[in-house]
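You will see chain A twice below: alongside chain B first, and alongside chain C after that.
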Partner chain A sequence: MVVIDHKEFRKRDFLYVVPFWLLSLIVPDPHLDHLRKESRFRRRDLFYLGALLLLPLIWSDKHLHHLMVLAGINGILALGLSLFLGYAGQISLGHAAFFGIGAYTTAILTTRYAFPPFVAFWASALVAAALAYLIGSPILKLKGYFLALATLGFGEIFLVVVREAHRLTGGVIGIFGIPWFSLAGFAFDTYLKQYYLIWGVLIGLLIFSKNLIRSKIGRAFLAVAASEDAASTVGIKVAQIKLGAFVIGGAFAGFAGSLFACVMSTANPEAFGLNLSILIIMMVILGGMGNLYGPIAGAIFLTWLMDILGKYQEYSLPIYGLILILLLISFPDGFGTRLNIRLIYLISYFGRKKRRERVEL
Partner chain B sequence: MTPWVHIPQLLSAGITIGAIYALVGLGFVTIARASQIINFAQGEFVMLGGVITFSLLKGAGLSYPLAAIVAVISVVIIGFLLHILVVYPLRKTSIPILLIATLGASIFISNTTALVFGTLPKALPSFSGNLPLLIWGVPITPQSMWVLGATFLLLICLYLLSHRTLMGKAMEASSTDPLGADLSGISRNLMVFLAFGVSAGMGAIAGIFITPIFYTSYHTGTLIGLKGFVAAVLGGWGKNSGAILGGFVLGVVESLSVAFIPSGYKDAVAFVILLLILHFRPKGILGSPFIDSRRW
Partner chain C sequence: MSFLSVEEIIKDYDGVRALNGVSLHVRRGIIKGLIGPNGAGKTTLFHLISGMERPTAGKISFKGMDIKSMEPHEISLLGVGRTFQTLQIWGNMTIVENIMAGMHTRLKGGFLSCGLWLPWIKRREKEALEEAKEILEFLGLLGRWKWPAAQLSFAEQKILEIGRVLAMKPELILLDEPAAGLTPTEVRKLAERICQIRNGGITIFIVEHHMGMVMEIADEVAVFDNGQLIAEGPPDAVGKDPQVIEAYLKGKRVNA
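For the complex of A and B:
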């Protein structure tokens, strides 16, 4: 039984404690994650999994299903960038280009050469990863703003090439009529089926990433982010580790792009511009750096936000820019961190002082 | 017909656009010299300069010089606001956050401009007629001469500002040695604030000079801003002379490329040059005072 000290905790405080507690179930806490005993599967994961499985069944709104499909695709993108930006500490403003490369690989392979989508899915990731390797090996020696500028330049070159190489990519109009994703004769042709497909892929990639960051390579990512000089003195090959993170991020984006092409059944250059790269970085920042669940939560939030803003027609982009800045100013280190610090202060009123001690604020 | 026939014409066009890239690059360098921040909304100042002058000239019916002066002043105020509202609250955060914040500001400014001033492309009249001058048989528009003259004049002003005034020296000190600047009583935040104003003003002037040559629309700012940044990196990051040289080199190469490759690929040329220069010589052509220090 929890004893409430009435002097410190008033009844009306429940008004915000309860929403904060509910949020804490959803929003991950980067400050506590690395202190907790590392178990492969936690009770909270079961909660997420159950919620994901049941959500579309309880809420059978077609629009919501489609939104969650897009959120899942953005989640895969954000997960890949989280390894590169959140863990290895490098900036990439060209992540949308790898997404586009994945989408165009699938589009060209399935419509021109009649490859089955499943084969095109893996080919997309391979092509995106190979390009990430080729681009990454010269430019990853740069740091900070210069790395951002170089990756941004790569993204712009990709867009120009896609617009101009009419014969291969269909130019500004793009490619139409990409078949649904299908596996052994089973076509994913409704939003509900696509929902389970995409979140299945996302969970697979999440498990991969969780194992990766607990491995030697994942520890090396963190070391490189903290200090490249210190990392190289303990024998980490910094260039290789950064390139590895970039290639894995690129492969993730390739998977996402392939799924995107199959879901939308079109691929045109407008979808892969700088704005998408900004959006993906925003997901990782809002989710919290060095955190795997956060970017996915950020992806769901921002996809939902973009959908709402879409209703305001010509006002949507100014509002979007404004919200971007306001979110960055109020949550510069992610939703999770700020909310959890407040939450921990509140929970400690209930006598759970142990949690407060564990967090160094 | 061989492409060589067009070379002199393309060269003059390249020098004109190069002067604009140089002005935009100078804007980036001014802020970077004061604070090592890179303001990705720089291109929007250029766009705003052109669009506000146009609307004052056509809508409010002001005379040309008055419209230009009012436009420059209002863009400088927008630059100050950008610093106060976006960069100052985030000055202690990491690079990705500042980067996305200035990009967000760029999205906000360009799309608000579309709302307020409309989405149609705008073209100002030339300053002094459209009759091309013939220099060694190459026709050059008077507007190009204006652009070159303005670049030269602004470069001199900037040189005097940073080398002959206390404010300019304080700006440079706050970037090269932040602790030393603090100890000598320089308010670094004030210096960054002033640098944003100067850079916004230069962007606006570039925008006013470029709008008679190229159409200015709400979305043209981003690309010009990025190319100006490429120019500053190409010439040598953090040097005024580097930004000028980089701007002219970039403008000429980009313009000449039209003779040899399909013109649709023109926008990619700047970024290919960028990737090459960042790989082979990150310091840029003239070398950079910032690159060697470990901060980059």
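For the complex of A and C:
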């Protein structure tokens, strides 16, 4: 039992407690994301939610809205990969392929067969998940570099198939004229409406992921990432858990792809290459492994960064690379995680100074 | 029919014979010690029983079932838990989560129901948390249940590993050198806990280098040397066996 003597808590202590409490409202605590929480939402989540709702209204700039739409789509992708890469500890270099499958499923269903986008939206996730299941069953037996190579190969095969299957996918040119996403007659035809649509989906998927992470499945993910041997000896089916993480990641990418197709109204193979796969991995790594808010923050950051750097044309890639290198040096375990660790150290440093914790064993 | 029986087990690693025709039995409800010099094949036997490796030849049965060709997770479902010589706790989780992850097979729920956080998942999680806290109380770690497991000391991590096995509600626990690297006080405490676990009706099969502890707590001791069983019986009889003293203790007498 930890016994803290509250009498020793003095007025002066508010000097650091209040600022830290305020800071803790906005800084995600990735390390603690998967720890058991008494309630599903905390003040921090309300803060994020409020900020998300108000942002486009306060800052009514079309370009910003569009950027946040893309950031949201990337955020869904990063969230799905975070479960697979950050929690279950497996690497995938072919995540963009599931994104592409989602986009093409929606494109084909809506333009060729006149399905409503809402149906296509669910169908995209189902198709992506089914494919992830088929691909994952054999290749998830591989580990580390070999898994990376196999998923890389899958991504490339997907691109080749899309480019060559002219009849179905329109080849290199792609498919045009995908309708706006609409629900019961309400069309999401402006960037603002799309913003709310996509961030709404993202929040739904985030809640799903949070639930997953704090349940037995989340513990199994982390167990498999830390030690497969130990996981298998407590009865966790390692292959099934890895496959599950892969399929969920694939389904999330399918949702994202479907939304992407509706927002851009086109689908062509250039958007779903290795570049995107690596970008998603960067979002997860920059945001922090083993956490859910970080990858979304990473997605917003990288989407903005690429947009800003777009002005500098041919210099943009070197600058982009330099910024990434600097960020990885200063925040090796993701900016969310690093900030949080500093915060914990600071609090515990000040806390230890005055208030002695008596630990009874 | 004995509880756990291993018959004529042979295990080869690329031409090296780690176990050479070993047969032994573990009765229900006892602490069975397994000792022997380094490389005698003790841990190999544990790997075979827990299904992490397959024997080259021989038979392993648990409660009358042949478990020789089962997967580790299937064997754990039958009620066999184990710890590792090289500590394998999950440092990326909290202490209580380590215990709750041990309950994995006893908690119902698939990917979808967990993601949607359906009412029965919520209820079971709550119960699991309470149960995990009870186990932590038994282990003396309850005060730090929310700590990341990686921040515990080495001895406490070893205790936590045993706790994780207990969370499975096993019938047989294989302990692989639980006392290695512990101070004498910690070893005494550990011995006490192991006896308590046995008194709770769980059979314990323990590989250990700490002779004093094995001789003190074990009801029966088996001795391996060079992949063969050289002695088996009550601790004091084994301690006096000339062959054991020759092979393992290098002439020193055991103080049982």
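Operating definition for what follows: the second predicted complex is superposed on the first by the 304 of 361 C-alpha atoms of A that agree within 3 Å, B and C clash if a C-alpha of one lies under 4 Å from a C-alpha of the other, contacts with A are read in each partner's own complex, and residues count from 1 in each chain.
The working rule: a residue touches a chain if its C-beta (ideal position, glycine included) is under 8 Å from a C-beta of that chain, and two chains touch if they have at least 3 such contacts.
Since the model is a prediction, treat every value here as computed from it, not as a measurement.
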| item | value |
| --- | --- |
| Partner chain(s) touched by A:E164 [first = chain B, second = chain C, both, neither] | first |
| First, second, both or neither for A:G244, with chain B first and chain C second | second |
| Contacts of A:N211 with chain B and chain C, given as first, second, both or neither | second |
| Which superposed partner A:L46 touches (first chain B, second chain C, both, neither) | neither |
| Touched partner set for A:L134, first chain B, second chain C, both or neither | neither |
| Touching partner for A:G153 - first (chain B), second (chain C), both, neither | first |
| First, second, both or neither for A:V172, with chain B first and chain C second | neither |
| Touching residues (chain side chain A, partner chain B) in the complex | 85, 91, 93, 138-139, 142-146, 148-150, 152-154, 156-157, 160-161, 163-164, 274-275, 278, 281-282, 285, 314-315, 317-318, 320-322, 324-325, 328-329, 332-333 |
| Chain C partner contacts - residues on chain A that touch it in the complex | 1-2, 31, 34-36, 40, 208-209, 211-212, 214-220, 222-223, 225-227, 229-238, 244, 247-248, 290, 359-361 |
| Touching residues on chain B, where the partner in the complex is chain A | 38, 85-86, 89-90, 93, 95-97, 99-101, 103-109, 111-112, 114-115, 222, 226, 229-230, 233, 262, 264-265, 267-268, 270-272, 274-275, 278-279, 282, 295-296 |
| Residues on chain C engaged by chain A in the complex (per definition of touch) | 50, 52, 71-73, 76-77, 81-82, 84, 88-94, 96-97, 100-105, 107, 109-111, 114-117, 121, 125, 128-129, 140, 142-144, 146, 148, 164-165, 167-168 |
